[in-house]
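Consider the two complexes below, in which chain A is the common component and chain B and chain C are the respective partners.
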Partner chain A sequence: MNTNNHATFLTISAYLTGFSETDLLGTGMVDPYYAAIRDNNDPEVLGYFYQEAATILADSHGDEAEINEAIAARLIPDSCYNGIAKTIILLWYTGNYGNDVLSTDSYKEALVWNVAGAHPPGAKQPGYGSWALPPFSV
Partner chain B sequence: MSKFFQKNNPKRQRFVPEDKPDKSLLKGRAMADTAPPDPEEIKKRLLENLQQAIKLEHSTIPPYLCALYSIKDGTNEFAVNTIRSIVVEEMLHMVMAANILNAIGGKPAINTKDFIPGYPTKLPMIDESFIVNLEKFSKASVDIFLQIEKSAEHPEHDGDDYHSIGEFYMAVRRDLIKLNELTNGEIFKGERQPQVTSEQYYGSGGKLIAVYKLEDALEAIDEIVGQGEGIDNTIDDPDQEMFGEDIEYAHYFRFNEIYHGQKYKPTDSVHDDPSGPPVNVDWDAVYNMQLNPKMSDLPEGSPVWQKMYDFNKTYMALLNNIHDACNGQPSLLITGVGLMYDLKYKAIELMKTPFGEEGLMAGPSFEYVQ
Partner chain C sequence: MKCDEYDVVIVGSGIAGSVMAKTLTRAGKKVLLLEAGLQAGIAMDKEGAYQNYQFYLDTYYKAAAKVPNSPYPNLPDAPSPDVLDIAPIPNSCSPSTKGYLVQAGPIPFASDCYRGPGGTTLHWLGSTPRMLPNDFQMQTKYGVAVDWPFTYYDLMPYYEMAENEIGIAGDVKEQIGPDVEPVKNYGKDYVFPMQKIPQSYLDQTIIEITNGKTVTVELNKKEYTISYVATPQGRNSIPEPAYKYAGVAWNKKTQKLELEKTDAEYDPVGSLWDPYTGQRCEGNSSCVPICPVQAKYNALKTLRTADHDNLDIITQAVASQVLYDKGSMDITGIEYKKYRYGNSPIYEKGIAKGKIYVLAASAIENAKLLLASGIANSSDQVGRNLMDHMVMLTWGLLPKKGFPYRGPGSTTNIPTFRDGDFRKEHAAWISPIDNWGWAWPTFAPGSDVSNAVGQGMFGKQLRDHLSDIIPRQLLLHFECEQLPEPGNRVTIDPRYKDQLGNYRPVIHYNASEYMQRSFEAAKKVSDQLYKAYNVQDFTSYSAQNPDHVQYKGKVYNFAGAGHIVGTHRMGSDSNSSVVNPDQRTWDHGNLYLVGCGNMPTLGTSNPTLTMTALTYKAAEAILKQLEN
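Coming up: the complex of A and B.
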């Protein structure tokens, strides 16, 4: 595993999804998603993507607005790196790679459930009658 | 069914036969039995002890949950099913202890700061021969679970603490019988409203007993003790089959099967280790949870601290919910189930979150937060 790329993947995922790195680690999906991106993309294009992402993160010295602006301009457009950034966002939010569910875990851990205050049907059951109550938040 | 099975659940092992004289005490406490009985004093002691019983039942749940949630998804099916069913029964015990307390006019206190043990800890009311941690599933932690659920019968001993959960409940049992006798049954109020019943408790093993009179209270205690306790060393009937498909094992034996990676077979003796078919126990398919994690181990406000805080907020919300449910609003318990699930998912997220040292993972700390 390329540890630099792996670290970049986690950090850039946090910016792309709006969830903290800790939240993403808590899903247990960092490694499988990193592998899915690696296995489904041209290594050269992906290499440039990680290089660009690392440059954005390093150059902005943690200035969030600057990072977000650079990501929007240099990673998000369809013309950039075969749309890998969008693929990463969809992967985290839906657990799908393209139209396919990656795994049972990716289905359960998709961020969309959390954002919607819902649960993955058939998994992570919420308890009888929970549908009549507003989602619990701390 | 023989005397070795419970009246309320003939499939459940029972290790203190009913016809056995109750001799399990205890120099320090024998005083109460010989002095002229003062109903006020017994009632005071009962109110206190039943509150302690709720605390005691609760104190076993976080350690069991840590072991359960540290097991990686899709592995250790036998251990997962076993521990899960035991935790559910501990929750049942907690609610039944609250039912008994309510039945004699007490007020369960479930959401106070001193209700929550600070792990590592000894169990409330039980002596210090073993210490309970919040830790991952391992041979060492299952060994402690065996001690939690060990036998009820012990030789007489000094000191105020009891040697086992079963011994503690026997003292409560005696006080209930005595007080009921002294008050002609008046001590049991028979009120329906504060009782949590099986209507509010679903998706679980065991039987939730609502308590309106002495017999209900004794049945509830027998259910609590019968589900947990291990062997009574006085059992000496070699022909009695204590294991097999139709028998529900006490917690002690179920943990012992995990510990040895082997099931009991019908001809096994309760004094021996299980010698039946092997079960798959993978001690390594476990998140490497930090031992007894604390929020104070981390800088306040740091991301992992925040996650532990969120977990503890959910835990407090659940304790508040159970407190209210056991103080006159039993139907609230239904919404508590949602919180229990939420607590589980948050705990598992922590187990997947790196914590300090290389390779260690965070874990649920079960701490009191405002």
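Coming up: the complex of A and C.
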């Protein structure tokens, strides 16, 4: 594993998703998603993507606004790196790579259920009567 | 037990077949059950049942489109209809043959069912309101459709049996609406086995959104007050202490089925693999297509409690023809094809023999089997009058968060338009409030994510946007009652057969003006509700959707409810119906049909409770026939 790229993947994922690195690590999906991105993309393009992401992170010294601006301009446009940034966001939020569910775990860890104040249908059930109350996390 | 001739041969292990098998075997009758689906699916031992069900669950997690049949095997040897196969129909000469159903149109039939052990209850939602007394008299009251050959009140004792077997959670006192009063419709002091399933936070948000002010809407110059009812449903909750029935038993003396009394508290029926799993609904929010803990009723729970000393089951056995004696017209056997693997064309033929035969293969399959066998059709009604609830959906964003995607699919319904004089002009409907956001019409929340990301959103902005809109999603159903029409029908055609050489059902289906008027009316009501709730309407209908109609220039889409009804209607005379009030075919003294196909009309309730009540009535008639 390329440890630099792996670290960049985690940090850039946090900026792309709006979730903290700790939140992302807590899903247990960092490694499988890193691998899925690695295995499904042209290594050369992916190399440039990580290089660009690392540069953005390094140059802005943790200034969030600056990082977001750079991400919007240099990673998000479809013309950049075969849309890898968007793929990463969708992977985290839905657990899907393209139209495919990556794994049963990715289905259960999709962040969209978290932002919905809900849980993945058919898993992590919150218990009898929970639906009659506002979500626990609110 | 293997015998050469059984008392009764049943085709199908859905709720109709399983209730029949349980009732007859417990009354001491020898029963053979033929089931088209895989052997693994019928496992009753703990280990087998658990392993098989976990396989379904895993398949569901990994399915890209989580449609009703997504967890279950679809076998070339016994294919299931699937909503993913719905496609445009170019014209009636070239039907859509994409899936198992051959859709001759003009519009595609929009519902599916599951052909496998336990049948469609594996993926049903489990809503179980009763029909209304007026639903049984549509011709007398409103001059449309037909009357049932008996009244609601005649069916009441059987409703109680069905509510016992399915295990209904609900509050009788809260059942209100047009033509419903607790005492009139349920009898004095009647209670359900379990207390009501709590209404969702979303339901409460809507009910309270007008700050205690009642909502009224106008339709055809008449004012209607909107009310809300906690939907009775077949999923486990807290036992109701006042409920005192143990189960259904055959009383030889009175020659009747009776609900036996008990002093013991009702014990919610848990999963097949562990009685303590699933004793309460745990809020998995995936009842359609699969309840992971089996807190939701499914027919295998009934089948498990049959008297297995009196029951033989042959699985992977697809009934292909019903044989009869041309002189006496009696049925002499059911020919079935037993395949080795679900996708291999290799099979062996067998003939199942009994004194009495019961087809419980679901409305479409029953009709197809009768047509393929050339039987029971002196009335020319077999296959006709196919009905479903045509579900018009409307969706929007609430002014505040109701937090959908939690809890059972629906816990509250608006009963206001279930009955009224308007039924002379257009269909009645029930309006469940959907607890699962816009999932049905838009594939939300996944589509919300991809739309936002497509627009370039990411990071905190994306997260804030999604956590603002997803929790405010509201989806209302307008489940419109389709009337029986002879042209909506199942037929067969030698050009269309499956891998085993069995006929595939050919479906002819349309939305009459009576239905189209109800879409127009329901949309008017929806508009007024959204205004009263201060909901921003995002409903959009498209002529690209194969299930659309255009009425007075406007396009409406509808979905299927899975309520497949009416293909072998019951009636009081043999010229205009297929079965008599006991659900015995008029043409064959030893052939009974069970399932929603018997229902002369649909009403606005989900049909399975009523159909199960009818199945008890049929079982009683069979027991009487066997003993006399």
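Please note the rule applied: the second predicted complex is superposed on the first by the 137 of 138 C-alpha atoms of A that agree within 3 Å, B and C clash if a C-alpha of one lies under 4 Å from a C-alpha of the other, contacts with A are read in each partner's own complex, and residues count from 1 in each chain.
In this text, a residue touches a chain if its C-beta (ideal position, glycine included) is under 8 Å from a C-beta of that chain, and two chains touch if they have at least 3 such contacts.
The shown structure was predicted, so the numbers you read here are calculated from the model rather than taken from an experiment.
Undergrad: Who does A:A58 touch here: chain B (first), chain C (second), both, or neither?
TA: Neither chain B nor chain C is touched by A:A58.
Undergrad: In the superposed model, which partner reaches more residues of chain A, chain B or chain C?
TA: Of chain B and chain C, the partner in contact with more residues of chain A is C.
Undergrad: Of the two partner chains, chain B (first) and chain C (second), which one does A:G28 touch, if any: first, second, both, or neither?
TA: Only chain B is touched by A:G28; chain C is not.
Undergrad: Once the structures are superposed on A, label A:P121 by its partner contacts, choosing first (chain B), second (chain C), both or neither.
TA: Touch partner of A:P121: chain C, not chain B.
Undergrad: Does the superposition put A:S20 against chain B (first), chain C (second), both, or neither?
TA: first
Undergrad: Touch check for A:L133: first (chain B), second (chain C), both, or neither?
TA: In the superposed model, A:L133 contacts both chain B and chain C.
Undergrad: Kindly classify A:Y93 by the partners it touches after superposition: chain B alone (first), chain C alone (second), both, or neither?
TA: In the superposition, A:Y93 contacts chain C only.
Undergrad: In the superposed arrangement, what residues of chain A touch both chain B and chain C?
TA: 125-130, 133, 138
Undergrad: Per the contact definition, I'd like the list of chain A residues that touch chain C in the complex.
TA: Checking each residue of chain A against chain C gives 15-19, 68, 71-72, 76-77, 85-86, 89-90, 93-94, 96, 99-101, 103-104, 107-108, 112-113, 115-119, 121-123, 125-135, 138.
Undergrad: Could you list, by residue number, the parts of chain A that touch chain B in their complex?
TA: Going through chain A, the ones touching chain B are 20-23, 25-28, 105, 124-130, 133, 136, 138.
Undergrad: Residue numbers of chain B touching chain A in their complex, please.
TA: Against chain A, chain B makes touches at 73, 202-203, 303-304, 306-307, 309-310, 313-314, 317, 334-335, 337-342, 345, 349-350, 352-354.
Undergrad: Where on chain C is chain A touching in the complex?
TA: Counting only chain C, the residues touching chain A are 57-58, 60-64, 66, 198-201, 204, 237, 280-286, 290, 292-293, 401, 403-408, 411, 435-437, 445-446, 448-450, 453-454, 456, 458-464, 466-467, 470-471.
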